[in-house]
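Just so it is clear, A, B, C, D, E and F label the chains in written order, and each chain counts residues from 1 on its own.
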Amino acid sequence: MSMNNLGIVKRNIVRADRAAVEKLSRYGTATVHEALGRAGLMKPYMRPIYPRAALCGTAVTALLQPGDNWMLHVAAEQIQPGDVVVAACTADNTDGFFGDLLATSFKARGAKGLVIDGGCRDVAELEKMGFPVFSRAISAKGTIKATIGSVNVPIVCAGVAVNPGDVVVADADGVVVVPAAYAQQVADAAEARENLEAEKRAKLAAGVLGLDMYNMRGPLEKAGLKYVD
Amino acid sequence: MSMNNLGIVKRNIVRADRAAVEKLSRYGTATVHEALGRAGLMKPYMRPIYPRAALCGTAVTALLQPGDNWMLHVAAEQIQPGDVVVAACTADNTDGFFGDLLATSFKARGAKGLVIDGGCRDVAELEKMGFPVFSRAISAKGTIKATIGSVNVPIVCAGVAVNPGDVVVADADGVVVVPAAYAQQVADAAEARENLEAEKRAKLAAGVLGLDMYNMRGPLEKAGLKYVD
Amino acid sequence: MSMNNLGIVKRNIVRADRAAVEKLSRYGTATVHEALGRAGLMKPYMRPIYPRAALCGTAVTALLQPGDNWMLHVAAEQIQPGDVVVAACTADNTDGFFGDLLATSFKARGAKGLVIDGGCRDVAELEKMGFPVFSRAISAKGTIKATIGSVNVPIVCAGVAVNPGDVVVADADGVVVVPAAYAQQVADAAEARENLEAEKRAKLAAGVLGLDMYNMRGPLEKAGLKYVD
Amino acid sequence: MSMNNLGIVKRNIVRADRAAVEKLSRYGTATVHEALGRAGLMKPYMRPIYPRAALCGTAVTALLQPGDNWMLHVAAEQIQPGDVVVAACTADNTDGFFGDLLATSFKARGAKGLVIDGGCRDVAELEKMGFPVFSRAISAKGTIKATIGSVNVPIVCAGVAVNPGDVVVADADGVVVVPAAYAQQVADAAEARENLEAEKRAKLAAGVLGLDMYNMRGPLEKAGLKYVD
Amino acid sequence: MSMNNLGIVKRNIVRADRAAVEKLSRYGTATVHEALGRAGLMKPYMRPIYPRAALCGTAVTALLQPGDNWMLHVAAEQIQPGDVVVAACTADNTDGFFGDLLATSFKARGAKGLVIDGGCRDVAELEKMGFPVFSRAISAKGTIKATIGSVNVPIVCAGVAVNPGDVVVADADGVVVVPAAYAQQVADAAEARENLEAEKRAKLAAGVLGLDMYNMRGPLEKAGLKYVD
Amino acid sequence: MSMNNLGIVKRNIVRADRAAVEKLSRYGTATVHEALGRAGLMKPYMRPIYPRAALCGTAVTALLQPGDNWMLHVAAEQIQPGDVVVAACTADNTDGFFGDLLATSFKARGAKGLVIDGGCRDVAELEKMGFPVFSRAISAKGTIKATIGSVNVPIVCAGVAVNPGDVVVADADGVVVVPAAYAQQVADAAEARENLEAEKRAKLAAGVLGLDMYNMRGPLEKAGLKYVD
């Protein structure tokens, strides 16, 4: 076995439970991130390339070299319906690794979208196709196919460790990664949280203050908060 | 009296004159910023969380700790109809301090929106609610309620000193703060400026050059500008 | 002749061939940038100020001083129908050098838009006017008219050397500059490239993998890529 | 009185008590910032231009325009022995506003150094002169003298509100501003804090854990911390 | 078992082989990073807080909350001689989490230094103590002790996944992490690489070109490189 | 001839006059930049990799691909004694393109140093060798040799257009590029400027104010500056 993860394509990966993924797809990233115990969120520089882009699926990971998108072509073959390709790069790089041709291919394989810690191009076409991408940049700059990286190895993408098969949920608030083993548990916690929120929302809308609803007045006083006129 | 402003909630603040605020709400931030003598503009990283978000109101200020939104709950109680909460943080932090639950509460209190030198989440819901927020980031990351800051003390938000009661105007061009004492004067200057602009716009549309309309040819020559072929 | 380019307005510039410019306007920046041999692309911080903004035209260049837009008024007079003003600044600066009044003037002169390595304001009005701007920032901050720069001298804008008369193409993917002398050649190459892409797109949509379409399997193996289970 | 602070030089300012300033000069910024209740610290991008630069003095403030250092010449006349010039700019700008000529002038007037939210040049000469500067950037880029700002008005510098006469303390850890009215109180608190630290340092050096010295074990357990093997 | 890693202190960790760590300490980060197959390098914003700082040791990991250094006190107890504390934060934060008191405690426990994706203060004292720290920022800003994180769980620090017990090597070129299991293998590869470099250095110093030493002329020609006069 | 500059090595370049280069080497970048009419300065993110690094020489240019330093080996052969290699990259990239082996080779060829809009490594060794480098980053990250760029074509480096043979001057204040054709003229202007400065410095040291020495009081009053008490 090699010391590092370069030059490897892992074909068989264990994807998160399909029903759990489906359930997670009903919740926003803020809810899922809280349900996971406030963990798994990528850095906020990861943004949707068009308004209302959103995705949920199981991760096929790719490790790219700067200015080189060869591994995205290799990743395409590993996509199964319901997957999301999650791509990291060995260096901070905003080149346009991905465009409408690769999107056409990914879509034909059943991909739900792409999360890439790099740049994306052809964003107008991607919006027309309805193929969601979350990226650190938009750039027309092309890439080459000269150096190998890996597919389906553990990666760090935008500050989060991602393993192949993990669940990726992304929307206007960001991108969150749920370890495959906890998918069901997190989906249930998300549901419970959402149920609670509806109730709270009604109270707040009626004018009840969070100070009272959450019983904060005592703790605030104890923490030393003083009211003055 | 304490040396610093931490741990204080000021209940009685002097808000800018209501009619002046109403008048200021008719002008864009570029006009108001010029009317104020090219002052009061926050750093350009402050952006609306959804297209066409805009707000105008009197400031209720909040000083937050990184990763902690406790003081926003405290601020909610101090909101009066027509107020805008303006929140600074003691450290640069992009966490999602504010989401749809707090927005529901703020709205129920009559708030016109939020300006926060930090992150915001639930942006899709906030757009549906029509609750305008201007922030430095969008992030699903949740915050805790553990450390006190202050409400209605003077703060520095995105490079601008803000006092409770000041007028805050925000639109696609940014966020500008008008000291309460100058609200009427600035509103009048904004009106005068806007009237002048209509006239200039007509001339420019007709093909008159700014060079001639503003009598710039002489000064340019004096400054040493040379025309060559 | 002066050692540097400050204080000069060049009146007669050689614009790229009109038919070539027209042909280039049919292609996106990603295609044009590839057709030019992966060159000429500005840094990805240059973004459209409103969705779907796009432009194509011949460059009238301007070199500005920080916080000073005097040279944009001088540039206005040099605009001919079909031109795009391309403005650089002697220092990184996000001030709002350009707004709806200047846009009205530029439009009256026949300008197709503005590319500015600085800030822009009145973006809501500019969207209504349909006047496309690509900028590094949006800011309500006003500028003065006190120090001279130059018009129609060679500049470096957002990392790219631009000469007066070059073709500028901009869309959602960025801004690319085509040297005037190569306009026709690049337009033809763009056309050829686009034709090829249609064919590839069809194959990929039918499920053919890039790995096979581009004959990548051999080179990947040679490069050392290993498949594991 | 004008609505904003542009175009004003205030000659008579109330400087912090000289003895308090002297006492504050004995403590580092970390200690002073804590003594002030964790307030008054400028953003960490403010760095000394050479190793071991440090300063302590009373603020003469300057508000500059981007690319223009005129107001630093105006500020020179307002300097009294023991002062530190604190300069903000109306826009983020890294130009070299200050070099060895101005430093010679400032030094001749008795200045203790400069804090500038902008760029500085001639840093090798300034190190030889022993004239400490804390800045956001180092840049050889020159500035002009064309547009007025102000001297000795309240400013916001690197995120902190500074009033003329406030105490400015700067060292390798950053720049902290102490309001003039609290100078003595903060100096005393800094002394008390430093005395306490010596004792703590000795215990920690002897191997006592902070966990025990600060009685953290109970609170940590209560907060839910679990030890596992 | 909890879904996420918050609120946990792992007491028993498997540290990399001591002899391998000692051998790795002889090589620079550039060599170690290459020996590991060009992997394991933290982002380049991680810098030594004083010139010539360097460290090599086994990782005790800490996961901090923004503005809160409680877990560094918890980590202190887990330090064994030869360890390096590696601290990540749940949000980008430049606060001064670490200063001379904690350094005194860490040193008393036998720590070789600290790597922190956050801020550090008291840097002058730390240099005097000879306690090396690599951080993303220097800031006098203090932190609180209110919210728990974890110690000795897997973390992502400055873009690299770190497990407790991994080897951390840092010098003027950056910070590299070697998985514990590969420590010996990487140390041997580093040694081999260094031996080879001595020979190459001698040839290059004698005027032999890399073009010839590495036989690059053929491949360059094949890649299309053209020499022109 | 190719449309773009990729894949070319130009062997015969016209270097700036040797005597002019020698004369320029006596002045700092601030002086040279002013002598050139405040032009030619690279962005301030270009910093020396060790204290007191400085260089002056004629440019051999290199255009690199991200993560790939092949062209630096090609550039080595084009170096003549007195040259400085100036390297740009087709994308923003902080990888360590250059280290002590290449420095050994460059030095053997007579190079005076390197200016690179990318990363550098082995900085401790380079300091020992006394080989000055100005770069945008320091990073241990290695690069590959797979894709061709160009040598001795016009490039844009850190915001400045550089032609082969231009003079490059760099010191603690930054990096400035003087077009070869103006080398003598700029050197003379630098000398004149420096002579003037000595006189000014003496006056300022004696307490004369810039306000008086430069006759600024009238212009300031005309510009509207008001003195208040």
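Assume contacts are C-beta pairs under 8 Å (C-beta built on N, C-alpha and C of every residue); 3 or more make two chains touch, one makes a residue touch a chain.
If you're wondering where the values come from, they're calculated on a predicted model, not measured in any experiment.
S.K.: Among the remaining chains, which ones contact both chain C and chain F?
M.R.: Chains in contact with chain C as well as chain F: A, D.
S.K.: Count the residue numbers both chain A and chain C use at their shared interface, divide by all numbers used there, and answer same if that is over half, different if under half.
M.R.: different
S.K.: Taking D-E as the reference interface, identify its repeat among A-F, C-F or A-B, namely the pair sharing over half of the contact pairs by residue number.
M.R.: Selected from A-F, C-F or A-B as the counterpart of D-E: A-B.
S.K.: Just the number, please: Cα centre separation of chain D and chain F in whole Å.
M.R.: Here the centre of chain F sits 31 Å away from the centre of chain D.
S.K.: Centre to centre, by mean C-alpha position, how many angstrom separate chain B and chain F?
M.R.: 41
S.K.: Could you check chain D for residues that touch two or more other chains and list them?
M.R.: 38, 51, 90, 92, 94, 141, 147 - these are the residues of chain D that touch more than one other chain.
S.K.: Which of line, ring, star, complete or other matches the graph of chains that touch?
M.R.: Looks like something else, not a line, ring, star or complete graph.
S.K.: Using the contact rule from the top, write out all pairs of chains that touch.
M.R.: The set of touching chain pairs is A-B, A-C, A-E, A-F, B-C, B-D, B-E, C-D, C-F, D-E, D-F, E-F.
S.K.: Could you please specify the touching residues of chain F with respect to chain D in the complex?
M.R.: It comes out as residues 28-30, 33-34, 38, 41, 44, 47, 51-52, 171-174, 176, 197, 200-201, 204-207, 209-211, 214, 216, 220, 223-229.
S.K.: Across the complex, what residues on chain F touch chain C?
M.R.: Interface residues on the chain F side: 2-6, 36-40, 43, 90, 92, 154, 156, 159-161, 179, 182, 185-186.
S.K.: Where on chain D does chain F make contact in their complex?
M.R.: Going through chain D, the ones touching chain F are 7-12, 51, 70, 73-74, 76-77, 94, 96, 99-102, 104-105, 107-109, 119, 121-124, 137-142, 145, 147-148.
S.K.: Which residues of chain B touch chain E in the complex?
M.R.: Residues in contact with chain E: 65-68, 90-95, 141, 144, 146-147.
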